[in-house]
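The structure follows.
Here the chain labels run A, B, C and D in written order, and each chain numbers its own residues starting at 1.
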């Protein structure tokens, strides 16, 4: 007989001493908006890994990289203090868990660790799908408290008024609230058809104001320009074919109509 | 390593002293019939929250309200004695659990708490889908004992004779019976296409007789009139287009044919 | 916090003293072949209930009967000695569990109880779907040992040579074998379109020989005649419409082609 | 009440003394490429069974063989030293688990056992689906370390550069890496439409070089020729009908486009 695996296996590398830290989370979702933004933060602020999360609820597979090496999906928590007086945790993962329980357990584990390290506010980065291409994507927002809602509004976010935010990028702020922290979700407007660096850039620019931390997004701008070329091609092809665009899957959704 | 979360996390706010209490449950389902009715009871009798239920089997998401604030799905149990000699528990939730096990566990937790507080009879409010619009919706019924069946008939319910009642609004009376209580389900006739306050009103009027408790349903009447306008528009549009209505998803279903 | 429910909750009513007992199982599946046959055995031999099985992996619902009463799905084990020197356990349920784990756990619980009571051989009754109507349905068979295969052949069964038997009616003999017992499955040929009492009757006639127990199937014959009328109507309608029959879901299936 | 079954039940028959052992795994997947190859190794090297794995996450069914006997799905680990100085474990199963957790738990159990017996390198055999028939199938590869990638390249594998490998044949090397071992996956090019012994043969020929072990694949060659006849027929039929081939399900998949 073998023992049942825990749903989440947390490997702590370091419990960092922090100064006024926030937690920012971006996992793969529509348009990879949150994932691209989180990866950009890790790279540009040279954050160090402080914890890893394995789970039997991740998709049972390995992902292959350009050099032929393969890894199972994993969650990773990073930390550094990019400027004096502002610590920054970033959580990202290669995939979202495949079950509701997996998503709750992973959210709980990350929020618990962050809370222990002094985090009071949790931000998630996600996509707001419109199905159409926008050259200057808006940023939508939702918060778990009136203070968070005000803070997002001041930063320039268009507040959501109904609907839901599905998956880890939504759930993480819900679990944060259940554990006594505050949470907010920033959603970049995107078509849902392509990996959208422009939406990631827009989301990070608003985050920059809200957490008072300068973020250099020039690398994302370069990626966004490449995407823009793809979009232009797609639009040209669609016009030629006289096709209407298919409806993309959505990370955010409007409320029940009635 | 992190510990596995319990399927249901119950937070008791108060174990109320009760007088002859019943438990009424209405969760989101077809047409929101049960949910609207349960919310109406909580509001109109000014019930106070006595317990909260979180669960990793709820859908992994947050729901956004009009003021931009976001919450994860949660179950809530309310109590008060609306009149002398009649205590009233109401259980509702933002969503139904996503797994069979989650539905059973949540039903068990709520029934156990209610039983401990002296509840002997459990009523659930649900939808009976017909696929057509009715101006004076009937109320169908089923009970876990002959006494409950008689009581519903006296109140004016049309008894179901076969089929099943799916989800928490069905299961809760089954679990009640397994734990030695009596249960009955009241199902309001509805098309299944719109949020149907008229069906909720019909269900509450019958409940009012069965549990001997006056219920003011005038607010639901106002909502029902708004819905009626939407229905009239839908019918006009359908006539113009010559369309036949699609078959809605059903909370109740007929028996196996053979 | 509430404790996690066990996957199977077994309530033992009686541990019967047995003489040379066999276990026969029939759960709802294609054409209700196994379920009808198991119910017939319980009724005609006036078996008494010796154990009940609840499970959060059963479908979360209640089923309504003709008198308006509603019950959650449940498994039931019955016993009696229909003739001197031959004990008979019959296991049936209102539904099959909704998860693989639920099916394994329920199979384990029933097999364990039966083994403790002296059972050495487990028979399951199921459907063999052909998609066409047959007036004299054949009975197919498969066994977990060469002895069981020989015994079925002697009884007149056509042995399966490949494919699989899905669900509890297949799994139960697999689990029996894993626990040191012998198992055999008898599958009645059926179209898969209707509840098929003729297939149930054919299966019981073969079982009668194999376990050396006279079984009066006249009541099933009456049901089968009613079904035959329905079939005749269906065929007439299909001929008029020039339709080809849809492919039914299958409890048994052929092997991988290659 | 009955106890919850463990996800994996491991029955150790023998803990073999090994010399420089490797573990090779092939489970049922697209085209049965990995399963055929693993079965071939067990047979041709006359390996002995050292452990069995049952699990309630395997599909709930029994599989019937030519002689009419039926078995539930099971995992099996074999061992022998085909030549001096090279021990060989082979793991295969009748089916893949039905849940992510089941796949992780089974992978963990097998990798743990193999590691305890001295295994440092784990190889999985899988299919690389192209949707078209190839007379001389290529072998693709991916590894969990640069050393493994180099080793596969030297053996003649075309390295994958993106995408994922789904299911146990992918996950097993990921879990191996998580537990401190090295892993590599060899994927035989196949159409995905038929059981493909030619792809299995190609995979084993490359494995032979990489683990320095002569493997006689003549029996697979005979099977491959039979398959080739089936393919020729399929192609003739498709040409007649003017049909384009349907898209097969894929064990390997390309990366996210963007």
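The definition used in the following text is that contacts are C-beta pairs under 8 Å (C-beta built on N, C-alpha and C of every residue); 3 or more make two chains touch, one makes a residue touch a chain.
Predicted model, so just to flag it, every value in this text is computed and none were measured.
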{"item": "Other chains in touch with both subunit A and subunit D", "value": "none"}
{"item": "Rounded Å distance between subunit A and subunit C, as computed from the means of their C-alpha atoms", "value": "50"}
{"item": "Between subunit B and subunit C, centroid-to-centroid distance (C-alpha), Å", "value": "35"}
{"item": "Where subunit D touches two or more other chains at once, by residue number", "value": "none"}
{"item": "Graph class of chain-chain contacts, one of line, ring, star, complete, other", "value": "ring"}
{"item": "Complete list of chain pairs which touch one another", "value": "A-B, A-D, B-C, C-D"}
{"item": "Contacting residues of subunit A [partner subunit D, same complex]", "value": "1-5, 7, 32, 54, 56-72, 98-99, 102, 194-195, 227, 230"}
{"item": "Of all residues in subunit D, those that touch subunit A in their complex", "value": "6-10, 100-101, 103-105, 107-109, 112, 141-146, 149, 152-153, 159-168, 170-171, 173-175, 177-178, 183, 185, 256, 258"}
